[in-house]
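Presented below is the structure to which this report refers.
Naming follows writing order (A, B, C, D, E and F), and every chain is counted from residue 1.
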């Protein structure tokens, strides 16, 4: 079963994406989507050594909402910074110590940090224990680190690292 | 009403696209310039895509495939930014903010020559 | 209203396009240029979406999708060259 | 619009020609790429310029542009892609066999005017 | 459409393609099996070409509508006399060159047989197509296959020659596309017969445009044919590649000459209305200059293979001079000369291979070397090949030249054609006599232990030379066929009617 | 058939001889003799007919459309020559058996000799002029082999090449002459030529035709100024010289004069050209012969001189002179063959041919000496020998002509020539057989073997027999041959020793006396000659010509072909520009058409300007390769945008994908190319290229403008109308690709497959130095696969593949299709390679891209072939709508299967290229490990 259907979640996600892609919501396309959703992971199974474990679907949804909200809000802030006086910016590199241990979670965290306004994940330390973040306009580095850990790292840990 | 919503979305989208690129032009070092495109622009394109989705869903049939482009951009933009920053650190590109030694090209840094 | 907004949007995106290109040409260093190209790709996505709405034809969607995807691959490859020289190793 | 297109095609050709006449393999490859851009655009516009008339049959379309040049360009793009790939690898092979990247395998010292 | 015979025109195209695919699938099979398959597929082309010769000779041009779409909308294959003729020459050269390749060339690198079959696919496709853009596509196929074959085995000079060959041809392909698309942009069609019809009705305001396209096209074909000053790729490429490939390449320049003949008789020929005789004034001087330069190059060549390559250049000049006469006699002369020069130069390249091996470190440099093992046989074959290349009796080259000179009698170019052809013939004799004398007569003592050539080393070359003897003996029927082909080419309406259906 | 067989026999004999030589030297000689005899035996039964003045013609079709028949003619002239060729040939075969040494290959010699004999026979027995020419050229070729028989000798090789070059030139001229003659007459057959003699002589092309034919004749017969090759041909073994220079090779030219005499002679041009050349040759040959120290050299120049004599006779254009010419052909053949053989014997026995060392041989070989003396006397024109008779006729004709024209010069000059002939004949006899003791000979000479002398004996007997009793011996043969030559009733002549006291006899007497006198004064003459004419030699001119030819060839070839690609591209561009611009210089075409254009919008203007700037930037920065790649990326992006803008979504998708794959490829390559490109120093070159580029750009731009501003009719409507109904798809571009023009697509995927396979083959054994630091000297970043990139890229793979599937499946109806889907799939996988590295991927994915290519091609071909089963041509498509429960309506088109084939090939080839190029890196690892 595991070999025949390596990633059931992925299959469902892909089927859903297929329906989005074709913009047509018919039974035929659902079947086709499921077929592709099965076929693609099956054909590329060898590239997926570890299967992804996702817990806490509500947390995940809440997390997505938070991120989208942060993006929209933050974008306006960044826009203001850009349209303002560039010379008054206070850029800084900030090191965020990491509690996350899986590559996927770390990557998603880094991604989130980059997507949200004013910060870009620049570098992951060699031991994967800290992330260096570049901030466009830094008030207090410690607050920023705490915010990141609270808003993003904690939920990610709950979603991906509790199995 | 729909017209207003669409116009708003289009204008916001185009506006953010503009601002993001303006940041790319105006800001003073590479690391700050990196911020413009990765965020403002993604939001800009995101808005435009939503506008497109709304437009086609109302003018033709339900159109949600724009979500896919958004998903794609949201998944890739941070990776691009990350790699760009990594490359800039590796090359020792001038930074306004002091570069922490662990990130710099020096003997402790990630760009240090391999033994 | 949309009809008046679209030319403005075109103008904004066009300027964005221009700014990105200027950064690409001016540099001064390689990551800046790559960033310029990457942004140019994203601007193009915006332009295509706008064109789709303007012409009322959804047929340009796939081009936008592919640009998003190809722009990413291009950026990754260029960065990897700077970092490693050999991009597939 | 036609004048702009003609100007673009001309520029691409000129750049392609200039680069193809360079002495190292890399600019030559760039030049060939430029030439293929130029000629692909050229073939394409032989079907004349049309905005918003993609040749996809639909009930709402206001008209269609000439699809044939598009099909030809597709063929030409794929062919020139194959050719470009080949010439790139050949440039590497030449680099390995000739010891440098001059198209004629010349040494830089010999090449320099005295 | 049920019998295989009804698909005859496509068979010479499909067979090598399928063989190529099968050989690709069997790329790890024992080389004996691969060789057997490759040989069977190549030999089968000979009866196929024969059947086409017979059919095209008796029934007029065969038209095969690919995808069952009518011309000019779909692509058609047109197997007229000329196409069948070219296919036969290709098949013969290919078969013997392949036999020679079994001596070890085929295992010196990857995919020799696949590339070889696909090269034949490209060649046959180019000769058969009735569509100008499709001609471009098949040009590209045969070029890419030839790149692979040219470089097969590697080596410093070969790689350099290959790079030059590839780049110059890429520029040529670009030119081809500019020309074809301009023609489409003005006439709105790609089918060669349809183009002929449309071009003949060109309004004056479009005249220069289509002439530009027509002349650019000529530039492309001139490059492929190695016409002065676009011949420079040839000596390097042919001189540096392996023998069987060089032999097969003997047909490559003929693709260019074929295209010139086809396009400028069908589309820009005497019946072309405002675009009639587009090449008049260009082709003959260039052909004669090429003929002369080729011969001088053969004199100056430092190596045997380069000498043969320059003789190929010269033969291109001869061929095109014949075609440039644009008369039945002239074209027939060219058509008779074409297989001769193709088979003859192929034989010479194949023969150069054992000669080079038997000379050890001296290779094919035209200088005194050690006494050659197997000199009597190789020398005799060289002598015959030299006779063929110089166009001396009793081999077919003499007849070809005779036909050309005879055809020129009525031409305003008479003095030039005769002067150049006869003088070049003499120069060729002088150059070849020197080479033969240096290679076989003037020997240095040497303790190099050189391999004695085996019969398999020279048999394919000898067999090719044998075909030239056959061409001499059966010159009557061949000349008759060539005459009829020339007549067919000079009445393009036959072709047009066959493709588009008779028009009022 | 008989004549044909007789000609063919020696050619077949050549092979037989070569075979026979394997079993020994004598079998080779015997076979050669037998072949010669058989050929003679075949012809002999026909001789009586020819002797009776009849002409036998045997004719077979060869190339009738060209007027080329295999046509043979046996008349008196042909009989005479065939007899000489085969008769003397037989003697030569016998002689050579003893002449050649153990080291010489008998098989080769006799095989060449047979080839030559067959060629000669072919010449004299041809009725068709072109066929005659074929054999004519064959004599040049086979004589090349014979002359260079002792190939280890420099002079043999040179002599052979010179003979070939000169007679080859003549051959080509003759071809021209015959072509003109055939053109004038309307046939190449001699019978027709003879029938239109008057027409020929009156034709405007007569003079060029005559010049060309005479060039052939003069070169072959060694007439001045083409005589110089003949002495150098003496490097051949003496049997060859004896054969070639008595009865055969050089006589071919004379034969042709005789053969065409009735058709061409009798005009002032003929008279002056032929007799002028003959007279000059006669004198120069005779004069030079006197001073040759080499025995064969003397004989060679004497041959030249006698050929001049014969030519002069034919040139005089009187029937009697022609008869004399034919007669002298016979006589010269017999005495000269015997003299050469005698010289050969002397050389063979004494080891040298130098007359400054050969003296007093009478003592050692009296018998041979006697034979040689008789033959030499015949050559000198001593009474009672055959040479005397024909020389008398010659003198008589010279005097007769002089009477008519009232000049004394011709008789005086021919008498002088006669005197010189006497002098060199005396020298031959006196110097060699008497005149003191031999000087420092390598061997002690003695009489040769019995059978070596026999041929000489036979010939000398003939000389005497003819000389004493011409009426009983040679008369019928001469009559027949002369009759055939003239193609008219014979003039009155008497073959007799005594014609009474006439001018000719007086001239003979003077010549004899003067000859003796000249020989007596030879020492001062030799000294004078050495100071004056010794260095006058046409061979120098020939050598200078050849040297010039080589120098010119090398210079011209080097001038054009410098081995530079840039020059080739430059030539091609110049050619294209010349061709492309020419039609616009004259004619009514105006550049702009009448079609109204589209309005220009600001966004397009900006995009266009960006593209132009990016292009210029790429050119400007091309030495900063990495930056140039980025600007190139902009160009590609905007080109794609242009496709989008102008309604070509399929193109945009394809261009975008190709663009990225190309950039990845270029990056892969950039790593191995030199980091710091060479600087360009040559400003002139930059300007030149810049101008060419501008003109080319202007050309294409104007061309595009010209087309874009014109209306046109297109076949496109058909595609739009039939796409849905006939092709089953709404995306017309895709339907064109997989259906209307599926054959193009089949070709194009083959190109891609070929590119992949070619690259695969190229990469084999490719080893490149992989730099361990970048251009700035910085070490590479140690983090090969950044985790964040690797993890997230992995998530993108299924998404990208889904997109690829989407694009593939919808292509028939909406933008997309096999190509684009294939490229997207390849890019999706390449993305993984970028993120995880080749090693990681190879461990997980089979690298078997080649089967994918094969499968894709096979799928495309077999889809096309399937239509055969339905009695339709290759690639005929079909489609239908299937209704499946639950799933619903489902369209299936065979063209979609074809498209799947396209997809597979694109995926396979692209991956094959990229992955293998990426794997080049492994060679670095292996190198480091070693």
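One rule holds for everything that comes next: contacts are C-beta pairs under 8 Å (C-beta built on N, C-alpha and C of every residue); 3 or more make two chains touch, one makes a residue touch a chain.
Computed from a predicted model, the values in this text were never measured in an experiment.
> Touching both chain C and chain E: give me those chains, sorted by label.
D, F
> Among all other chains, pick the one whose mean CA position is farthest from the mean CA position of chain C.
F
> Just grab the chain with the largest centre-to-centre distance to chain A, centres being mean Cα coordinates.
Measuring from the centre of chain A, the most distant chain centre belongs to F.
> C-D versus D-F: which interface comes out with more C-beta contact pairs?
Of C-D and D-F, more C-beta pairs in contact link D-F.
> Measuring centre to centre with CA averages, how many angstrom lie between chain C and chain F?
About 61 Å separates the centre of chain C from that of chain F.
> So how far apart, in whole Å, are chain B and chain E when each is placed at the average of its C-alpha atoms?
57
> Would you kindly tell me how far, in whole Å, the mean C-alpha position of chain B lies from that of chain A?
Each chain reduced to its C-alpha mean, chain A and chain B end up 15 Å apart.
> By the touch rule stated above, which residues of chain C touch at least two different other chains?
Within chain C, the residues that touch at least two other chains are 10, 17-18, 30, 34, 36, 58-59, 65, 69, 72, 76, 80, 82-83.
> By residue number and range, which residues of chain D touch two or more other chains?
In chain D, residues 20, 25, 28, 38, 42, 45-47, 51-52, 54, 56, 68, 75, 79, 82-83, 86, 90-91, 93, 103-104 touch at least two other chains, as defined above.
> Indicate the residues of chain A shared as contacts by at least two other chains.
As it turns out, chain A has residues touching two or more other chains at 17, 21-23, 110-111, 121, 126.
> Who touches whom among the chains?
According to the stated criterion, the contacting chain pairs are A-B, A-F, B-C, B-F, C-D, C-F, D-E, D-F, E-F.
> Where on chain F does chain E make contact in their complex?
61-66, 68, 108, 130, 133-135, 137-138, 141, 144-145, 148, 151-152, 154, 157, 160-161, 164-165, 168-169, 171-173, 175-176, 179-180, 182-183, 546, 549-550, 552-554, 556-558, 560-561, 563, 565, 567-569, 571-573, 575-576, 579-584, 587-590, 593, 700, 703, 706-708, 710, 712-716, 718-719, 722, 726, 739-744, 746-748, 750-751, 753-755, 757-758, 760-762, 764-765, 850-851, 853-854, 857-858, 861, 865, 867-868, 871-877
> Contact residues on chain D for chain C in the complex?
Checking each residue of chain D against chain C gives 51-52, 54, 56.
> Using the touch definition from the top, list the residues of chain A that touch chain B in their complex.
Contacts found on chain A: 17, 20-25, 71-72, 74-75, 78-79, 82-83, 86-87, 89, 91-93, 95, 110-123, 125-126, 132, 134, 136.
> Considering only the defined contacts, which chain B positions touch chain C in the complex?
For this pair, the touching residues of chain B are 3-4, 6-7, 10-11, 13-15, 17-18, 20-22, 24-25, 30, 33-34, 36-37, 41-42, 44-45, 48-49, 51-52, 55-56, 59-60, 63, 65-66, 68-69, 72-73, 76-77, 79-80, 83-88, 90-91, 93.
> State the interface residues of chain D toward chain F in the complex, per the touch definition above.
1-15, 17-30, 33-34, 37-38, 40-42, 44-58, 64-68, 70-71, 73-75, 77-79, 81-86, 88-93, 95-96, 100-104, 108, 111-113
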